[in-house]
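Before we start, here is the structure in question, set down as structure tokens.
Order as written gives the chain letters A, B, C, D, E and F; numbering starts at 1 within each chain.
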Amino acid sequence: MFTDLPEEQLRGYRSTVPEPEGFDAFWRGSIAVARERAVAPRLTEVDTGLTAIRTWDVEFSGWNGQPIRAWLRAPAHAEGPLPAVVHYVGYGGGRGSALDELAYSAAGYAHLLMDTRGQGSGWSEGATPDDFGTGPQAPGVMTRGIGSIETYYYGRFFTDAVMAVDAARSLDLVDGERIAVHGGSQGGAAALAAGALADDVRAVVARVPFLCDIPRAITITDAKPFHEIVEYLAVHRGEIASVLHVLSHIDGVHFASRITAPLLVTAALMDAVVPPSGPFAAFNASPSSAKDLLLHPYNGHEGGGPEDTAAALAFLARHLGSEGTRA
Amino acid sequence: MFTDLPEEQLRGYRSTVPEPEGFDAFWRGSIAVARERAVAPRLTEVDTGLTAIRTWDVEFSGWNGQPIRAWLRAPAHAEGPLPAVVHYVGYGGGRGSALDELAYSAAGYAHLLMDTRGQGSGWSEGATPDDFGTGPQAPGVMTRGIGSIETYYYGRFFTDAVMAVDAARSLDLVDGERIAVHGGSQGGAAALAAGALADDVRAVVARVPFLCDIPRAITITDAKPFHEIVEYLAVHRGEIASVLHVLSHIDGVHFASRITAPLLVTAALMDAVVPPSGPFAAFNASPSSAKDLLLHPYNGHEGGGPEDTAAALAFLARHLGSEGTRA
Amino acid sequence: MFTDLPEEQLRGYRSTVPEPEGFDAFWRGSIAVARERAVAPRLTEVDTGLTAIRTWDVEFSGWNGQPIRAWLRAPAHAEGPLPAVVHYVGYGGGRGSALDELAYSAAGYAHLLMDTRGQGSGWSEGATPDDFGTGPQAPGVMTRGIGSIETYYYGRFFTDAVMAVDAARSLDLVDGERIAVHGGSQGGAAALAAGALADDVRAVVARVPFLCDIPRAITITDAKPFHEIVEYLAVHRGEIASVLHVLSHIDGVHFASRITAPLLVTAALMDAVVPPSGPFAAFNASPSSAKDLLLHPYNGHEGGGPEDTAAALAFLARHLGSEGTRA
Amino acid sequence: MFTDLPEEQLRGYRSTVPEPEGFDAFWRGSIAVARERAVAPRLTEVDTGLTAIRTWDVEFSGWNGQPIRAWLRAPAHAEGPLPAVVHYVGYGGGRGSALDELAYSAAGYAHLLMDTRGQGSGWSEGATPDDFGTGPQAPGVMTRGIGSIETYYYGRFFTDAVMAVDAARSLDLVDGERIAVHGGSQGGAAALAAGALADDVRAVVARVPFLCDIPRAITITDAKPFHEIVEYLAVHRGEIASVLHVLSHIDGVHFASRITAPLLVTAALMDAVVPPSGPFAAFNASPSSAKDLLLHPYNGHEGGGPEDTAAALAFLARHLGSEGTRA
Amino acid sequence: MFTDLPEEQLRGYRSTVPEPEGFDAFWRGSIAVARERAVAPRLTEVDTGLTAIRTWDVEFSGWNGQPIRAWLRAPAHAEGPLPAVVHYVGYGGGRGSALDELAYSAAGYAHLLMDTRGQGSGWSEGATPDDFGTGPQAPGVMTRGIGSIETYYYGRFFTDAVMAVDAARSLDLVDGERIAVHGGSQGGAAALAAGALADDVRAVVARVPFLCDIPRAITITDAKPFHEIVEYLAVHRGEIASVLHVLSHIDGVHFASRITAPLLVTAALMDAVVPPSGPFAAFNASPSSAKDLLLHPYNGHEGGGPEDTAAALAFLARHLGSEGTRA
Amino acid sequence: MFTDLPEEQLRGYRSTVPEPEGFDAFWRGSIAVARERAVAPRLTEVDTGLTAIRTWDVEFSGWNGQPIRAWLRAPAHAEGPLPAVVHYVGYGGGRGSALDELAYSAAGYAHLLMDTRGQGSGWSEGATPDDFGTGPQAPGVMTRGIGSIETYYYGRFFTDAVMAVDAARSLDLVDGERIAVHGGSQGGAAALAAGALADDVRAVVARVPFLCDIPRAITITDAKPFHEIVEYLAVHRGEIASVLHVLSHIDGVHFASRITAPLLVTAALMDAVVPPSGPFAAFNASPSSAKDLLLHPYNGHEGGGPEDTAAALAFLARHLGSEGTRA
């Protein structure tokens, strides 16, 4: 069933989540520290059994200079520098197997798929620790370190996402003028963050993006991971205002309001995990003059699935100037 | 939790499902009719946006000559003829998107992924009808036409699977001496069937294969799709013997007992959809002298996931003589 | 809990589902072909152990002349011709046992209970095949052949329902001037269809009728069988418009708008399987000058259960002129 | 899935539940008091709209003389005295609608369907109070008054069941030499009790009988109503021995061991509500020389459904000498 | 997710449940009879192993003089007479263990925790029978004796609650001028009832109080125990008006409208068991000039848990003049 | 239903989990480091509104000297030094409210209830961070840092538990010769660890202790938190051996084998969260000459609830020489 407002109301829906004072300063600071401590990415080519695609195990510098793993893949027969797609993944997963998610490299891109710190144990494997302690928390990472934005998990994770763009740009294989960010669900949230905070991103693809318009979302669904916040607040009743304040620093609506690059958002009217008002609120907040919204009326959180991938490839080809290229 | 016998008993487990009289004659007949009515596959190249992989929309002749759809993919830079992998998919799905399941073609194979007649509406899209009526049936295809083996769905589907090997062999791109069959769950059942019934299959990969040792399986799990048979028998109480007789014609144990090619079976001890005694029973029935069983103690029906893919690629490389090839 | 609009809004609720062009022509055509190919019903009396009710196993000509099974029952001591009730059953069931549903014959009617093609394996047994292939479909019959109205399951099933009235009328036992149609859920949908399309139906009883105002229903419930349509559209994202167009040919609202005979509709405010806006939309669409709506505020899909049966018997007695008859 | 021991072990399964001292004395006493306080049944004919079956609303004297309601139905055209079936119903229901359960009267029997005291609000309506207080209890009646056998609900209910046979025998319509008892689940338990305790019962039909071999049953299923006992004991940890002692007075195994009349028991291997070891234990305990067990391997608690009804009618016809009668 | 109206609408929400004629007369009568038949409470000190708290097993006279059990606890080192808290518990439980709920006596009160008649088998143990029969009912006590207010369970239970205040006042240990009532869920409903009906109650604490604005509540949640009423009405379709009439005698809104003592109500916006419109309707109905509402936006039926206890202790200290006392 | 072996087999059940080399050395080392970095506990008295019990907010030095919070409570009127109970809590909770768990201080003990690092957000609130990063992990703490015993969460948590005994002993209020450890579920596991590793513990109460005989437990239940390990291994298929090796360092069976103090274990035959073979394996492994096992046949993971508390108080009184003391 439909999980949110009627489509006609969604079309004009605007979030009222307040932007916290110091939003830009916080992120500028976090990125500055990370860049200061960054070292050049380390690449190790791996034998995956694939002959048409080359694969490297990557370690680059993320938040506070901490090492983050990734897969870099590129068509075996392509000549660089190539346009690049920096890719973030959904909640609970990691960079997974080097045999998954082959479409982007097969489509001719340098494809950097970032691992997710301290997750990677739910539906796909990860290899990156979250090297930071935590206060009392509900299971999952939604409330890890939620006592302050300085200790909050998503401060680290979104900084990693920005640093992944830096890392991609530093590679010989990559044409630094043609970098896009892409992801679904939590990965879509990261794409919005990197689209707002990283330098010179040329296209942003946020599929059913999580973590947008959070104060509303947590009151209209009981599905996890949004519900982890509710579980925490149900016990820590005295922290409601401070938790919402921390969350306002990572709300996708505020990132979207800073995205001027071409933006593709997808949403689904039967999505109970990410009710569509969040993606619409982000989309409507963006000042981008080249933004598309792809809506799936009868889908849940899978959104458009492979059709979103196809739409993303077409959108990327158009905005990274890679249309018609055949490696 | 573990869903079946302890591992040490599974290692030696043998099914007692009786082989029906006329088993070979039935399949010989069905394949003979299909071959008589077969026409050459029709290939239409499609633009998927991928540059490293070429893709064709295929229509080949299946059961009774009926048209079956498939995707054929191959590395863009490879010179044929190539070793080939014929691939069957799990219950409820279809051939899906041309952007999915890229590993086999990226690994240098001609990869023919067969659509599933009359399914393709659950988790991936299909385009092939099941052009045959049905008697009273429970939802799903497990009991479609179960009144006799002549009308039973899996008689048609497994004949399609065999004809897919014929179709692959007929292609210029394919080296007919180096064809393997591969699939998971229902697709694993089809791989066993084709491994037994098709001509000159050089390797068989059956991942968590469904439809093995059926009489036991339907009494030890309540999970669908096995449970569809129980739902049917719960209403059609007078048909128990005839339904079990029909099912004995399509039991993977009997196919496995005819497989002499190299065989890779995977199984998982926490699989409630396909309890592991079925895959073990099939594995133990096969006279193949080059058979491997890959067991995952803490997995459910996902089995080894990408690790099974990696194992399959290694197994195929070894047995199709494609090790070390780099397109 | 209440599953739909407040009662006061339901009272005036009107569907906006558009009537497709060619609606009447399609059904006229389908019925004409069926009548052309029809043969006289075959009746075989069976010994059920009942002494007060006689029972015949019936085979009559349905869609395209295909044989449809039914039970005919009548009071053992009655002298014909009798008023008749043609009865259709709910989703997943069949004509069931000859020992079930005895109230109508015990009430003095010739009672023809039609089997449902290709179902009859869920909660009651059926014996009638659906002799027609299918395209890709979700489990269940909601999407069987949904590629076009010509191939769609409910085109066949509703034509069977009309032909059942013809078959009843042709029997010596039946007074052809006094035939009613009756059913619940899917059977209620069939009663609306037959009430609109069959000749000279004298009363229509549609209990919690399914398949009314379909475009709304599929967005306000996650319950099956409506949800089968959503499952299909979630995968076949490109077919939304065509699927809704096909469904508009079988929407109970359009049948109801053609029913001028006395009409009894029942509905329940806590019905999550058939949200009450559908039955209300059908009821409100009917131009009948003798229509009753029986509403159950605290019931789910069971509706009024035996109280609906009692209401149906009273309604039938009034409109078939059988009040006070005692066989 | 199978819910209990393998069939071959069930065939010989014997309960070890101990018979409490004073078992016979308790029941003799309870029945003696009830008979002392009994008055003649009151019958009021009701107009149900049925013409082939006559129906009376009955009130007879049950436990301690308390009034118990029932439906009496008989074929309209039959001449009495008729053989009779006294019928008890399942947990949570009542005598229901006079339009339900017509098969027994339509088959030529005087059919007395007893209401269940203090239930009748779950799936069918009842009209009989349980005129007795209760100690602390879990929801449902399984633990109502379980502090002693004198206050326990099933002491009253089973005495009602015995008195229903007395009431039937006292009717002019009934041939007192040809009375059977019949029921399913809780009703099957009552049939066993009445078969053991009532005078001169000529046949006993206990379909998937509940409340047999209780100490085992409550440890092998989490399904209600058996689980109500576990819920009670989980809180009243100090009453385990006394509760099991009370329950041993109403265990169907002890009733069965006293049944010498022809006995039909049905059971289902996938029954999670009444695991089949209970029905088998009862069946195996009975010294009857004319006992049949009808086993449904792929059914749950519905057992054989209408096929059990057909089997019951055939069994009753054989043992009540009513074969071939046609009213 | 939020389970009811938005907070701003709840703030002004008023119930429209009509007050039945004779409301006051009924309760006056029931209490008068109980007082007439009352005897002095019997106290037996028990050894619980606690050294700081003394504990007595109490039996006092409730409805119709029937004996009701309770725990009385008081600080071991306190000198009486003490202010007292009369405490009622939630659905399904009883007075539980003498080791639970120690906060009130540890805070210096004489704490009388009343057992609940005929419950006490769900989450905590009880020892008090409900010495009264029942008509047909759904499992649980919500519909026990619901045929009339004279026989309805909550008529007895709320009279017990009033008599508990009388009992407390009669004790030497208690300062009869300083008695409060307190409870959560069903216990909160009882606190409202006693707050309205008992003499001279000095403070009322109703935490997430159940049984307020019943006609609305039963249509907006499927959670038990409210749903027990729906289950009953789904079967007893003809009793809707009479059942709602009976329930109007025990609706917390009518009790609240009679409470002039200081009143603390708590509610939770995600409470699906007691949707917050009920507690708000009660709160808004009270003419008390010293009323507080404590709202928990992210909690379910646990409400504020220990924070509600802390708030209750502070509220009681303020209104019973016990602030700052240290035993 | 029973969730594990029959009671008679449990009585003699022995775990086969191997003790890892270096078990004692690891724990000796971890405790030595913690002691080296420990500072004296800081106590701050808080006003809880309770008059019979005094309460202090405590911070003591745990693993690696990190600050751990706790509640210390004692009877207001007692003269120290008192015997002490160090208490650990179940999975997901924290030290909770100072108004909960009053029985131990009310019974005359100094009661130190330790907060749980990085949990305290599930069912009770905590205030202690887990000041250590994590590798990839499944939600919850079961796999936090599971890459090695040095980084594993339970290495830290159990060291905290040992240090809590040191902290208690250092208090003036406490008689260091009379200290017991106590907990349920995860808290029971901690009690076993502290009972084995802390100095001079005089009694150990482990109620339904979690984390015993882990390799078996994770294969016989799907309930969390044991299932978190399975979720991790389902993705990290290559780490099975190393994860089981890490877990062998924290298995309660090895702690129990080192407990010679009086030991009380409780278990429940219907416990699906902690199947009873774990508690039995621990109990059977202990060489204590004064050990009791309290078994609840009809309970789940709640075990004996308040009856286990009463049993614990009696056991503590007996073994801490505090019988008959009344403060």
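In this section, a residue touches a chain if its C-beta (ideal position, glycine included) is under 8 Å from a C-beta of that chain, and two chains touch if they have at least 3 such contacts.
Given the structure is predicted, the values throughout are model-derived calculations rather than measurements.
Enquirer: Go through the assembly and pull out the chains touching subunit D as well as subunit F.
Expert: Touching subunit D and subunit F alike, sorted by label: B, E.
Enquirer: Can you list every chain in contact with both subunit A and subunit E?
Expert: The common neighbours are C, F.
Enquirer: Cα superposition of subunit C onto subunit F: how big is the rotation, rounded to the nearest 5°?
Expert: 180
Enquirer: Same or different for subunit B and subunit D, where same means more than half of the interface numbers show up on both copies?
Expert: Different: fewer than half of the residue numbers at the subunit B-subunit D interface appear in both copies.
Enquirer: Can you work out the whole-Å distance between the CA centroids of subunit A and subunit F?
Expert: 39
Enquirer: Take the average of all CA coordinates in subunit A, do the same for subunit C, and state the distance between these two points in whole angstrom.
Expert: Chain centres of subunit A and subunit C, defined by C-alpha means, are spaced 50 Å apart.
Enquirer: Compute the distance, rounded to whole Å, between the mean C-alpha positions of subunit A and subunit D.
Expert: That pair's centroid distance is 63 Å.
Enquirer: Mind pulling the residue numbers of subunit A that touch at least two other chains?
Expert: As it turns out, subunit A has residues touching two or more other chains at 124, 307.
Enquirer: If you go through all the chains, which pairs of them touch?
Expert: Here the touching chain pairs work out to A-B, A-C, A-E, A-F, B-C, B-D, B-F, C-D, C-E, D-E, D-F, E-F.
Enquirer: Subunit D touches which residues of subunit C in the complex?
Expert: Counting only subunit C, the residues touching subunit D are 48-53, 75-78, 96-97, 99-100, 102-103, 105-108, 124, 305-307, 309-310, 313-314, 317, 325-327.
Enquirer: Once bound in the complex, which stretches of subunit C touch subunit A?
Expert: 218-222, 230, 233-234, 237, 240
Enquirer: Which subunit F residues qualify as touching subunit D in the complex?
Expert: Going through subunit F, the ones touching subunit D are 1-2, 269-270, 296-300, 302, 304, 307.
Enquirer: Residues of subunit D touching subunit E in their complex?
Expert: Result: residues 92, 94, 118-141, 143, 231-232, 235-236 of subunit D touch subunit E.
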